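Below are two complexes that have chain A in common, paired first with chain B and then with chain C.
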Partner chain A sequence: MFAVETLSLSKRYGKTDALRELNFTVDEGEIMVILGPNGSGKTTLLMTLCTILKPTSGTAKVMGIDVVKDGTKVREVMGIAFQEARGFWRHKPSSILKFHASMFDIDPVKRQNLIEQTMKELELWESRDKLFMHLSGGQAKRLETAKVLVQRPKLAIFDEPTSQVDLRGKRKIWDKIRELRDQGSTVIVATNEVREAEYLADRVTILHKGTLVVRDSIPKLKDAIAGGDVVEVGFEDPVADKLVEDLKNLGGILTMSPEGNQLRANVSKAEDWVPRMTSASYNVGAKISTIKITEPSLDDVFLHFTGKSLEENP
Partner chain B sequence: MSEFSRFVHIARTDFSYFFRTKWLMAILISLNISDMLVTGLVYKGLVSFDYFRFLVPGIVVMGLFSAATDTGRRIWLALREGVVQYYMTLPVRTSGLVAAYIISGGLGGIVYSGLLLIIAFVVVPPQGIMNAILLLPFLFILATGIAGLAAFFASISRVGEIYWTYAQALQVSMVTISTIFYPASTISQYLPGPIVAIAENNPLSLAASALRDSAFGGSALSTGIVGNLLGVSLPLAGVGALSYWVILRTIRVKGKP
Partner chain C sequence: MNRVLTLASFNVSQIVAERAGLFLSWALFALQFGIFGSLMSHLVQSSKVQDYFFFYGVGLMVITVFDTGSFVGRRFVERAHEGELPYYLSLPISRRGFLESQAIYGVVATLLRAGPPLIGVLAFTGRLNLLGAFFALISLTTLGLGISGIMISFSFIAFKSIDIYNAIIAGLSALLVRFSTVFYPLSFIPSFYSPIAVFSPLTYGSDLTRWVLGFDPNLLLNPILAAVVVTAIALGTLSLSAGIVDKIIEGVKAA
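For the complex of A and B:
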């Protein structure tokens, strides 16, 4: 059974198709990162999974439970941290967390400790006496994340969990999300931040204009870009024509440009090509001084599959 | 925790939120009381004890009205600040969310008017405390009805100013065309018959009359008045619940209220 499964899921707002016939699955116990620019349908998908939105057509199941037919049961097993923090404006963070924990049957004995621990870990403890409406954007966002961490649901959903959060805070949130996965939760993270996706993802789903473009692990997505890895090799002597010929015959190479002592090659899988290149160099007596490998970024992956950059508007 | 416990918990949280705006409530009620006193001055030249006795139950009902209509403000804020969307992710049915808001509105109304009633009993000796206690459940239903009406206005208001306009219009119409400030006999001297009929059957008038007659006057609780109170309040609560339910359904379909 998948933790999440959608079949031909569509959502339309007026004349705009936010999701189009989406078939999407998430395995139990993995972190699935949904990557896409603003307007790609990420939030609509998450809102549908957490039963706030009703699909226009198609079905969606969370832990095997239909989100339309049995919404209350779905809500028992999932928790969501919204893109925009949502809280009772005149409540303190600990009251908000206590309310949330009690709604999800967190053991009252352990509740207080869990809340205190989570607030300390997310650096919210100092702000425990502030009202929600007086929290900074980053604090409110961390509180939003804290709700899900305290809840520890079977399916945890985070919509852009670190937007408005400083660099140190980002790292903490990411680590807590991974910890949540390690404790057995299935996690979905929607983001348009490449670093966040790289840090968190077991697998990535790329959404573009409401459709699923591709879904795989990050290394496989990167490998899917022919010539995506750039290898720059420095030799002690100028690159010989014989070596260039030999390297061309190795295969797996898209372009190669020798220039003086330097050789730059675009290859599909650097991890396969580099050992063969070093052997070939050794065979012709060429001594290597430096090797620099640059992998494609997820932005390159996105560009490759959609023809657009993540930062571009849809 | 059962779904019912969660429902109670949501109602309790919203009810506690009501107390966080207690000073706003106090100011609203003070404004109303000062209106009433000014009216009293105009009505009889000066506030006599008779008029004071007439006015005090009206103040209690006014408190109930102000506190119950605060439900609309809370619903409006919850809709616009996204708290409603948060509620929609909790393991409670939509109908449970609706009922929680309406009931907490009713509780707000009854608690506020109950406190005012206790103060009123200190300044105007009660003749029928038991009657007052018997009236409380009916006042609670009236408060849910007013909360429902406020929820309806919150649901149809896209911007805050519009909601305040509706709320003020509701207050002016329900309080002005009522027997809270003046007896029906006075209204009939200056206004046409249909207006007098509306004022007499206004649920706030019914509640004020029931308090005057049975809690402060010592007469037996009139089943007719109580029946009318229920007859007017329950449909209002129903309309409010339905409109709030519709707005939640709209969010599910359109993504926004």
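For the complex of A and C:
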């Protein structure tokens, strides 16, 4: 059974198709990162999975439960940290978490410890008695994440969990999300931050204009890009023609541009090509001084599959 | 505590957190009743209305209940726009349960806002008795539920345009209050607009409340009719709201 499964899921707002015939699955116990620019349908998909939005057509199941037919049961097994922190302006973070925990029947004996521990881990403990309206954007965002961490649902959804959060806070949130996965939760993270996706994802789904473009692990997605890895090699002497010829015969190389003591090659798998390249260089007596391997980023992957950069508007 | 009550008590705690507003509303009520009520009752001299000061006090309470009911309904819409509603809709509670929690919240909000003024008016006019106060509160909270239901039922407009919703609600509120027996008995209202007053829920709410508090029944609508109408409005609009929550409202639009 998939933790999440959608079949031909569509959502239309007036004349705009936010999701188009989406077939999407998430395995149990994995972190699935949904990557896409603003307007790609990420939030609509998440809102549909947590039963806030109703699909226009198609079906969606969470842990085998239909989101339309059995909405309340779906909501019992999932938790969502929204993109924007939801404001209970005159409540304190501790009372918001206490309310959230009690709605999900968290054992009252364990509740207080769990809340205290989570608030300390997310550096919210010092602000526990502040009113929500006095929290900074980053604190409010961390509180949103804390709700799901306290709840520990079977399916945890995070919609852009670290926007507005500083670098240190991002790392903490990412570590807690991975910890949640390690404890047995299935996790979906929607983001348009490449670094966040690279840090968290077991697999990535790329959404573009409401359709699924591609879904796989990050290494496989990167390998799928022809000439994905860039290898820059520095030699002690100018690159000899014989070496260039030998390297061309190695295979796995797409383009190569020698220039003075430098050689730049686009290869499909650097980890396979570099050992063969060093061996060939050794055979012709060329001494290597530096090797620099650059992987394509997820932005390159996105660009490859959609023809657009994540930074661009949809 | 079950989830409906947990959610209702969380919402109520928000009113308590905003207690300055609560105290201010009581103070304004006291001022309005003490100064304007007193002045008005001196101006209105009629052999038919024996105690206009008391009549005015009950009318003022009905206005308070109307404001509270409107506030609960508008709060519902604001929650959608401020983002609280999607959070509530993601909680493990049925849509009907969610609406029940909002109804309980509405009842408690009405009791908190109208309860102390009611006791004050009854004490000040020498009519304080527990049974009367109890039934008056039931009448007022049922009216409050109906008003909340009306406001929530109109909330689907707010999902298209909050400006149109605000304009409609402002116009509707003005009509419901002006064309009603809140401040004048029906028999005193000129014939050209008394037929309109019969359509205002406030007419039935205020006459029913006056009746349970022992006001001259000759100046009021039939209390059974008033009770039936007030109850029917509350049940009808809340059922309509339940349908709206379930079928139409889907939180905020997401991209």
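Convention: the second predicted complex is superposed on the first by the 313 of 314 C-alpha atoms of A that agree within 3 Å, B and C clash if a C-alpha of one lies under 4 Å from a C-alpha of the other, contacts with A are read in each partner's own complex, and residues count from 1 in each chain.
In this text, contacts are C-beta pairs under 8 Å (C-beta built on N, C-alpha and C of every residue); 3 or more make two chains touch, one makes a residue touch a chain.
All of these numbers come straight from a predicted model, not from anything done at the bench.
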{"item": "Chain C versus chain B on the shared chain A, clash or fit after superposition", "value": "clash"}
{"item": "Partner chain in contact with A:282 - chain B first, chain C second, else both or neither", "value": "neither"}
{"item": "First, second, both or neither for A:39, with chain B first and chain C second", "value": "second"}
{"item": "Chain B versus chain C as contact partner of A:51, first or second or both or neither", "value": "both"}
{"item": "Overlapping contact positions on chain A, where the chain C interface meets the chain B interface", "value": "13, 44, 47, 50-54, 72, 75-76, 79-80, 82, 84, 86-88, 90-91, 99, 102-104"}
{"item": "Interfacial residue positions of chain A with respect to chain B in the complex", "value": "13, 44, 47, 50-54, 72-73, 75-76, 78-80, 82, 84, 86-91, 99, 102-105"}
{"item": "Touching residues on chain B, where the partner in the complex is chain A", "value": "1, 3, 6, 9-10, 13, 17, 20-21, 77, 81-83, 85-86, 88-93, 251-255"}
{"item": "Chain C contact footprint on chain A (complex, rising order)", "value": "13, 18, 38-39, 41, 43-44, 46-47, 50-54, 71-72, 75-76, 79-80, 82, 84, 86-88, 90-91, 95, 99, 102-104"}
{"item": "Residues of chain C defined as touching chain A within the complex", "value": "1, 3, 6-7, 10, 13-14, 17-18, 82-84, 86-87, 89-95, 250-251, 253-255"}
